[in-house]
Amino acid sequence: MSRLIFLIPLLPLIGAIINGFWGKKLSKGLSGLIGCLAVGLSFGLAVYAFFHLKTHPEIETISYVYFDWIKAGKFSAPFSLLLDPLSSLFLLIITGVGFLIHIYSTGYMHDDEGFHKFFAYLNLFVFFMLLLVLGSNYLIMFVGWEGVGLCSYLLIGYWFKNIDYSSAAKKAFVMNRIGDLGFLLGVFLIYITFGSVSYGVVFEQAKSFTSDEGVITCIALLLFVGAVGKSAQLPLYTWLPDAMAGPTPVSALIHAATMVTAGIYMVARSNIIYTLSPTALSVVAVIGIATALFAAIIGLAQNDIKKVLAYSTVSQLGYMFLALGVGAYTSAVFHVATHAFFKALLFLAAGSVIHAMSGEQDIRKMGGLKKALPVTFWVFVIGTVAIAGIPPFAGFFSKDEILAHAFASNKIYWLFALIGSLITAFYMFRLLFLTFYGKFRGTHEQEHHLHESPKSMTIPLIVLAILSTIGGFMGLPEILGGSHALKQFLEPVFANSELNMLPHHISHSTEYILIGLTLLCLAVVIWVAYNQYVRKKDVPPADALIVSPVHKVVYNKFFIDELYANVITKPLNWLSEKTDKYFENGFIDGIVNFTGRSVVGGSRLMRLAQQGNVGFYVFAMVIGIILIFFFTSL
Amino acid sequence: MLTALLIFWPLVAGFLVLFSSNENARKTAFACAILELLIAAGAVFAFRQNPELLSLDRWWIQSFGISFNIAMDGISLLLVLLTVVLIPLIILSTFDHSYKNAAAFYALILFMEMALVGVFVAMDGFLFYIFWELALIPIYFICLLWGGKDRVRITFKFFLYTLVGSLFMLVGFIYLYLHTPGRSFNLADLYAAGASLSAVEQSWVFWSIFIAFAIKMPVFPFHTWQPATYAESPNAGTMLLAGIMLKMGLYGVIRWLIPVVPAGAAEWLDVIMVLCIIGVVYGSCLAIIQKDFRKLIAYSSIAHVGLIAAGIFTWNAQGLQGAMIQMVSHGINVVGLFFIADIITRRTNTRMIPELGGIRSVAPVFATLFMIVMLGAVALPFTNGFVGEFLLLTGVYQYHAVAAGFAGLTMILAAVYMFRSYQGVMLGETKSVTRAFADLNFNEKAVLIPIVIMVIVIGVYPKPILDISAPAVEKLVSIYQMAN
Amino acid sequence: MKAFISISCFAVLGLLAEIFGFKKKFFTIAVVGIIVSIVLAVMEWSSPWTPFPEMIGFDHYAIAFSCVILVTALLWMFMSEDFFKNEERIIDYTSLVLFTVAGGMMMTSFNNLSILFLGLETLSLAVYVLAGSQKNDLSSNEAALKYFIMGSFATGILLFGIALVYGSTGSFNLLEIGRAVGTATGEQPMLLVGVLMILIGMAFKISAVPFHFWAPDVYHGAPTVITAFMATIVKTAAFAAFLRLFITCFGPLKEGWGDVIWVIIVLTLFVGNIAAIAQSSMKRMLAYSSVAHAGYMLLALIALNEASSASVLYYSFAYSASTIAAFTVLHVIMSNGMPDDISSFNGLIKRSPLLAIAMVIALLSFAGIPPTGGFFAKYYVFSVALKNGYTWLVVLAVVSSLISVYYYFRVISAMFVTESSLPKPDMSGLQKTALITSMALVLLLGIFPEFLVRLL
Amino acid sequence: MLTYAFYFLAFLAIFSGLMVILSKNPVFSVLYLIMTFFCIAGHYILLNAQFLAAVHVIVYAGAIMVLFLYVIMMMNLNKETEPHKNNYLRFAAVISGGLLLLTLLASLKGAVTPLEQQPYNADIGLIGNLGQTLFKEFLVPFEVSSILFLTAMVGAVMLAKRDKKEA
Amino acid sequence: MNIFQVIPLNHYIFLSALLFCIGVTGVLFRRNAIIIFMSIELMLNAVNLMLAAFSTYLADGAGQVFVFFIMVVAAAEVAVGLAILMMIYRNTNSTDINVLNKLKW
C-alpha cells in the first residue's frame, strides 16, 4: 500500500506528459480535463493519505524506497518518498489549491493557442512541488526544488514572444539558482557531517549534536540561502514581482500553492537542525521580518494589481520565516495554509478583474468594478479581509499566532511585525478600494467590455473564498476555545524540536491584550484607507507626476533591481568582456601566438646566416672549431 | 577478442567507406557505425559475464616491453560506449550536409572512432600513446579539409598545441618506462615504476604527462586553441572534439596520471584544483558574453570540463563516479548542443545570437528538444547533467568547501549563459532570418530524440551507468590510498 | 663482405659496359647488382665472412647498415629512373652511384681508420661529382664547388684528428685504439684533440650545426635525385661510421667530447628546424629538415649505450624511407615542369591523390607522428637518450620537433587546402613502385618496428 | 747538425707555406707549394722515411702540382686576376687562423705520446718494411684505394670532358 | 744519432699544426679556388708530416703507409676538384669562389 505514494506525484506527471506530447492533437476541452483530472485525482489520493494518517496516529510516517538513484562510494541517495503529517498537509494544499487553479485556468486560458502546453506546464509544476514535499531525503527535495524553478521559468516566460517576459523568467530561474547553490552546498555539508542525506538518518544523528555547533549553523544557513531564493526573501526577492509576467493562474500557483512555500517547507522539515542553531534561527527571523516590512512598504506604492499582490506575498512569506525564526514551526505551516487560500483567492480574483479589463493591470485605470463584477468583488473582499487579519477570517488566526510567538520571543520582532501587518492591511484595502470603488477610470471600450467571468473561474473563486473564511479554524487556538487541531496533527514532526526549544509562553491575558491592540490598529488603518481612497477619491498619480522623493524611491522598489544590475550584472558583463578581449585573446592567446610568431621571425633571421659565400661557410666552421677547442681546453 | 574487434572494425569500415562512392559513403558509414554499436553491445554482455573476456594481451614490440594489451574495465567500457553511441549520431547529424569528398570525410570519422576506442581500452602505455596520437590525425584532416574560413591557421594551432602536450607525455612515459623493473609499458608496471619514484621525480613526471591531458581537455590556461577550433571546424568535427575527444584527456588523468604518480599528483593537487576551478568560473563568464553560439558552447565546455577535472583530482569515489557519468553526459549534451547550433546555422546562415530570435514560435518541436538538451547542460535534476554535477561537487566539497562553493557557481552561471542564449535564439519575435525557419525533419529528429531520451533517462535512472564504473573506481581509489 | 665485393664488381662492370656496348641495359644490371648484394648481405647474416678482420668486418652492425643503404639505393634507383635516361652519361652515373654505395658500405664495416678514410673519400668524391652532374646548370656547379671545398677542408680536419689519435694510441685499428683509450690514464690532450677533430669531420659529414652550412646550399643546388641520395645514403653511411667509431673507440673519453656533442645537438635541432620554417623551396626546406634529423640521431650517439646502434639503424632506415617518399614526390613534380617551391604542391590531393598521400605519410614521419616509422624512430632515440639521463636534451629535442611540425604541416595544408590550377603530374611505373614501397616501408616500420629493433 | 737541418727545413716550409697563400700570382703559389713539398720531403728524410720522401716528391711535386700548373695554364690564370677579399675579411681570416693555431697549441701543449718511447728502428722507413705492412696488413685499403681512383677518374672525366652536344 | 734524440716529437707536432693552420688560413684568406685547393693540399701535407713523425717515433710502419693513402686521396681529390673547377670555369669564366653565391638563405 505504502508504495503507492508515488501515484500522487505521478498523476500530474502523466498529465504533463500527455498534454506535452500529444496535447496538440487533443481538443482544448480534453486537454483541460486531463490536466485538471490529473491534479484532481492526485488531490483525492492526498485526501485519502491525510485521513489515513489522521485516523492512524500510531503511523508516524509512511515511506518507501523505489530505486537507487545516485549512488557513488558511500554516498547513496535512493529515490524514496515519505509521507508524514507535514508532507500530507502540504500535499493537500498543493493539490487542493492547485486543482482549483487548474479549473480556473480552463476558463482563464480558454482563448490561448498554447492551451495544452499551459496545462502541461501546470501539471509539471505540481509534479515537482509534490516531489519536493514527498521526498524522503534532501536530494529528492532538491529535485523538486529545482524542478519548480524550471516550471516557474516555463510559466513566467509563457508568452515567450515578449522578450521582457522571457527576461523575467530567466531572472526567476537564475535567482532561484543562486539560492539552489546554497541549498546544494548545505546538502553537501549534511552529507559530510552525517554521512547521509536521508531525513531519517540526518535527524536521528542531529539529536546527538549540542546546541549551536558551528557545522550545524553552517548547514542551517546554507539551506536557508536556498530558502531565501526560493521563497523570495531579502535579498533574492526581486524575481517574484517580475514573475507577474506569466498568466495570472501561474502567479496564483507560484504564490499560493507551490514554489514559494518550498522554503518554508524545507525549514520546517529541517526543524531539528534549525532548533539546534539559535544563531541560524535569529538570522531566519531577522531576514523574515525585514522582508516582511520591506516588501510591505514597496507594496504601498505599487499600481499594478498583480504587483501589489506579489509584494504582499513576499511580505507574508517574511512572516512565515519570522515564525520559523522564533521556533513557531506550526504557526508557519499554519500561515502557509491560510495564505495559500487567500492568496490564491486574491490572485485568481485579480485575474478575473484583468480578464474583465481585457488585460489591463493598472489600478489607476480601474475603479467602480463592484457592480460589473459582483462575484469577483465579494471574493476579493473576503481575500482582503483575510490577509489583513480580521477575525474570523483565515488570516487572522495564523497571523495572530505568529505575532504572539514573536512577542514571546522578542518584542522588537513583534513591533515590526505589527507595523508590517498594518501596512499590509493598508495597501490591500487601497487596492480593494481603488479597484472596485469609485468611478471607472479606464477607456470606454474597456467599460463596454466589462463582464463577470465564466463559471469555470468563479466557482474556484467561491470555493477559495469559503476556505479563506473558515480555513483559520483548523488552528483555532486554545485562548479562543479551540484545540489547535493542526498543532496536534503536526506534533510528531516537530516533537523533537519542541523538546529543545525554550518554551515561549505568554499568558492568556497578554495574548488577549495583543489581539485587541492589533485589531484596534487595523481598524484605524482601514479607516484611513477608506477615507483616502473612497471618500477623497484619491487616485495615485501617473508615473511622471511623482514628486516626493520618498514616494519615488518606494514606487521604484527602492531601486533594488537597478542596484543589482549596476553592482552585479553589469560589472560581471563588463569584466567578462574585458577578460575576453584583454586576458583571453590578448594575454593567454597572445603568449601562444607570440611564441609562434617569434619562431617564424627567428627563422627569417636565421636564414640570413646562410649568406651564400662558401668562404663564409668555411669561416663559420673554423670559428666553430676554435670555440670547441677553446671551451674544451678551458 | 571482442575488444580487438571493436578497435579494428572501424578501421576496416573506414577503408570500406573510403573506397565506396561519395553518394553511398554516408549510408555505409552509418551502417558500419551501427554495427560497431552492436559489437559494443556484445561487449557489454561479455562484460557482465566476465570482464576478462574483453582483455587481450599479445606482445607487440617485445624488446621494448610493449604489448598489444587491451582490456576493458568499467571506466573504459563506459567511454567506449559513449564513443560508439555518439559516432552513429554524429554521422547521422551530417546527413543534411553535402560534403565534398564525402567518402574521405566519413572514412576519417571511422578512423577516428578506431583511435578513440583504442585510447580507451589500451592498457599499455605505449599503445595508449599511439592511439592518442592517431586520434589527432583524422580530426586534423576533418577540420582542415571541411572547416571554416580561417581553418588552416586554427587547425594548425590546435594540432600543434595538442602535440606539444602529447610529446611531453611521451617523454614522461619513457621516463617511467626506464624505471620499470622489467622494462615494460604495462599499466601495472608503470604504476609500480611511478610509485618507486621520489616525490620530486613524480612531480616532474606528473607535469610532463598532465600537460598533455590539460591541453586536450582543455584546462585553463591551456584552452585558447579550443573556442576557435570549435567554431571553425565542420560540425561533425566539433562534435567529435567536444563530445568524445576531450574525454581522452579526462580519461587519461584517471587511468594514466594520478594512479601512476600519486605522490606527484598529491603534491600539485592544490594548484591543479585552483586551475580547474578558475576554468569553471572563467569559462562560464566568457560563455556569458559570447555572441557566437558555437563559441558559447565551447566556453561552456571549458567550464564543464574544469569541473570534471576538479572532481577527478579529488580522487574520491563521488568525484570519480561523478566524473565518469559527467563525461558521458557532457558528451551527449554537447553533441546535442552543437547539432542544434548546426541546425540553426544551416537554416539561417548565422550563428550570432543577436541576429537570431523567435525560432520557438515557428519550430516548437525543435524548441522543446533544444530546451531539454539545454536543461541537461545546466544540470537540472532528472537530467543527465545533474547526476554528474552533483557527484562532482560532492567530491570537490570533500576536498574543500570553498572550492565547491566556487565550482558550484557553474550552476548559476550555466543558467545565465544557457538561458540567455536560449532567449536570444529561440524567444521573442521572429526576425527576418528566422521567419522561414522550418521545424525538424526526420534525420534531425532521429539525432535529437535519442539524445533527449538519453538526457532524461540517465538523469532519472543513472544506476546502470554508475554500476558499470563503480568497481573500477573503487579499485583506483584504493590504489591511490595505498600509495599516499 | 660478399655484398661489398659484388657491388664493387658491378660498379667496375659498368666501366666495361661502354666498351662492350651494353650501356642501355646497365641501369637494369645495376638494379640487379643491388638486389644481388642485398641477398648476399642477408645470407651472410648468420655466418659473417670476414677474411680481413683487422681491416674490414662485416659484423651484424655492418650488414644491417649495409642493407639499409642497399635497400635505400634500390628505391632510389627506382625513383630516379629518368635521371639515367641520358644515354651519354648513364654509365658514369650508374657506376658512380654504385661506387658511392660501395664507399658507404666501407664506412659501415671498417675496422681500421684507413678503411674509414678511404670509404669516406670514395663516397664523397662520387657525391661531389654527382652534385655537379648538371654541368650546364649553375646551381649544380655551385653545389659541387661548395661541397667540394668544404668537404675537402673537412677531410683535412678529419685526417689531422686521425693522425693525432694515431700518435697517442699507436694504431689505426679500432680495437687497439679502443684498448689504448680504455687503458690510458691521466690527461691526454693530444688524444682528446684528435677525437674532437674526428668528431668535427664526422659532424661535417652528417651536417651538424655549425658544420652544416654546406648542406642547405648543396641540397638545394644539386639535382633533386642527388639531393635525395645525399639525404639518405650518404647520411646513413656517415652515421654508421660515426657511431661505429665512437662506440668501439672513444666511449671512455665521453667526458671530453660529450659536452661538445651536447651543444652541437641543441644547435643542430634548433637551427635546422627553425631555419626550415622560412623556406619556400622544398629542397631547401628538406635540407634543413635533414640537418635537424641529424640532431635527433645524434641523441643516440651521445647516449652511447647498447641500444644506440639499433636506434640509429632504425632511425636511418625510417628517415631514408620517408625521405625517398618525399623526394619521389618532389622529383615527379619537378620533372613535370613545376618549380621547386611549396606552391607547386598546391591542391596536390586533387591533382594526384597518390602523391599527396605519400607526401603526407612522409611528412608525418618526419614530424614523428604515429603510426609512421618516423615516430618510432624518434621515440627510440629519445628513450635511448633518456636512459642515460639526458632528460633536458630530450626535452629540448621535443620542443624542436614541435617547431618542425610547423613547416611540415605548411606543406600539408598547401596540398589539401589551397586550390590550384596546376596540371596533373604523371610518373613512371618504377617511380610509382618506389613511392608505394617507401610508403609501405614507412608504415610497416611504424607498426611493426620489432624486426629492425632486434637486429642489433 | 740534425737540429739545424730540422729548424732550417721547418723555417723554409713555413715560409714557403705562407708564401703559397700570400702570393698574388697563382703560378708563384704553385712554385712555393712545390718548395714546401720539398721541405717536407726533407723532413721525411730526417725522419728516416726515405721511401716516403721519394714517393712524396714524385706524387706531389711530380704529379699533383703539374696538374695544378696545367689547369692554371689552361685557364690562363697566371695573372693577378683575383679580386681581393675586402680587408676586414682578410683580417678576420688571419685572426681566426691564428686563433685556431693558438687553441690547437694550447690544447696540445704538454702533449706527450702516451705510449712508451719505442726503441729507434731505422728500418721501418725502408721499402721492404713498408711493403710488408702495405701488402699484408693494409692489403684491403690498398685494394680499396683502386676503387677510389676509379671513382675519381670516372668523376673527373665526366665533369671535365665536353659534352658531345656542346662540341 | 737519430732524430728523436735531438728533436722532441712535440716540435713535429707543432710544426704540423702550424702548417695546418697556414693551410686553413689560406682557405679563408683567398677567393681563388685554385689557391684554396692548394691550401687544402698544404693541410693534408701537414697531416702527412705528423703521421710520418709519429710513425718514426713509434717505430711503426703503419703511419707511413697511411701517408700513402692520404696521397692517393689527395691526388684523387685534386683530379676531381680541378675537374669541377674546369666545369665551372667553362660556365662562368672565373675561378672566384664568390662568383657562385646564388644559393643562399
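Some points to look at:
Order of writing sets the chain letters: A, B, C, D and E. Residues in each chain are counted from 1.
The working rule: a contact is a pair of C-beta atoms (placed from the backbone, for glycine too) under 8 Å apart; a residue touches a chain by one contact, two chains touch by 3 or more.
In this text the structure is predicted, and so the values were computed from the model without any measurement.
Shared contact partners of chain C and chain D are A, E.
When each chain is reduced to the mean of its CA atoms, the one lying nearest the mean of all protein CA atoms is B. Comparing the CA-atom centres of all chains against that of chain D, the greatest distance is found for A. Of all chain pairs in this entry, the one linked by the most C-beta contacts is D-E.
Using mean Cα coordinates as chain centres, the one most removed from chain C is A.
Chain B and chain D, compared by their mean Cα positions, are separated by 70 Å. In whole angstrom, the spacing between the mean C-alpha positions of chain A and chain C is 78. Inter-chain spacing, taken between the CA centroids of chain A and chain B, is 37 Å.
Averaged Cα coordinates give chain B a centre that lies 42 Å from the centre of chain C.
Each of the following residues of chain A touches two or more other chains: 596, 607, 610, 612, 614-615, 618-619, 622-623, 625, 629, 632-633. Multi-chain contact residues, meaning those touching two or more other chains, occur in chain D at positions 85, 92-93, 96-97, 100, 104, 107-108, 111-113, 115, 137-138, 141, 145, 148, 151-152, 155-159. The residues of chain B that reach two or more other chains are 160, listed in rising order.
Under the touch rule stated earlier, the contacting chain pairs are A-B, A-C, A-D, A-E, B-C, C-D, C-E, D-E. If you check the complex, the residues on chain E that touch chain A are 24, 27-28, 31, 97-98, 100-105. Contacts from chain C toward chain E in the complex involve residues 113-114, 117-118, 121, 125, 128-129, 132, 135-136, 138-139, 141-146, 148-149, 152-153, 155-157, 159-160, 162-164, 166-167, 170-172, 190, 216-218, 220-221, 278. Residues 9, 13, 16, 20, 23-24, 27, 33, 36-37, 40, 43-44, 46-47, 50-51, 54, 58, 60, 62-63, 65-66, 69-70, 72-73, 76-77, 80-81, 83-85, 87-88, 91-92, 97, 100-105 of chain E touch chain C in their complex. Those residues of chain C whose C-beta lies close enough to touch chain D in the complex are 8, 11-12, 15, 52, 54-56, 88-89, 92, 95-96, 99-100, 102-103, 106, 112, 114-115, 118-119, 121-122, 125-126, 128-129, 132-133, 135-136, 144, 164, 167-170, 180, 184, 186, 188-193.
If you check the complex, the residues on chain A that touch chain D are 615, 619, 622-623, 625-626, 629-630, 632-633.
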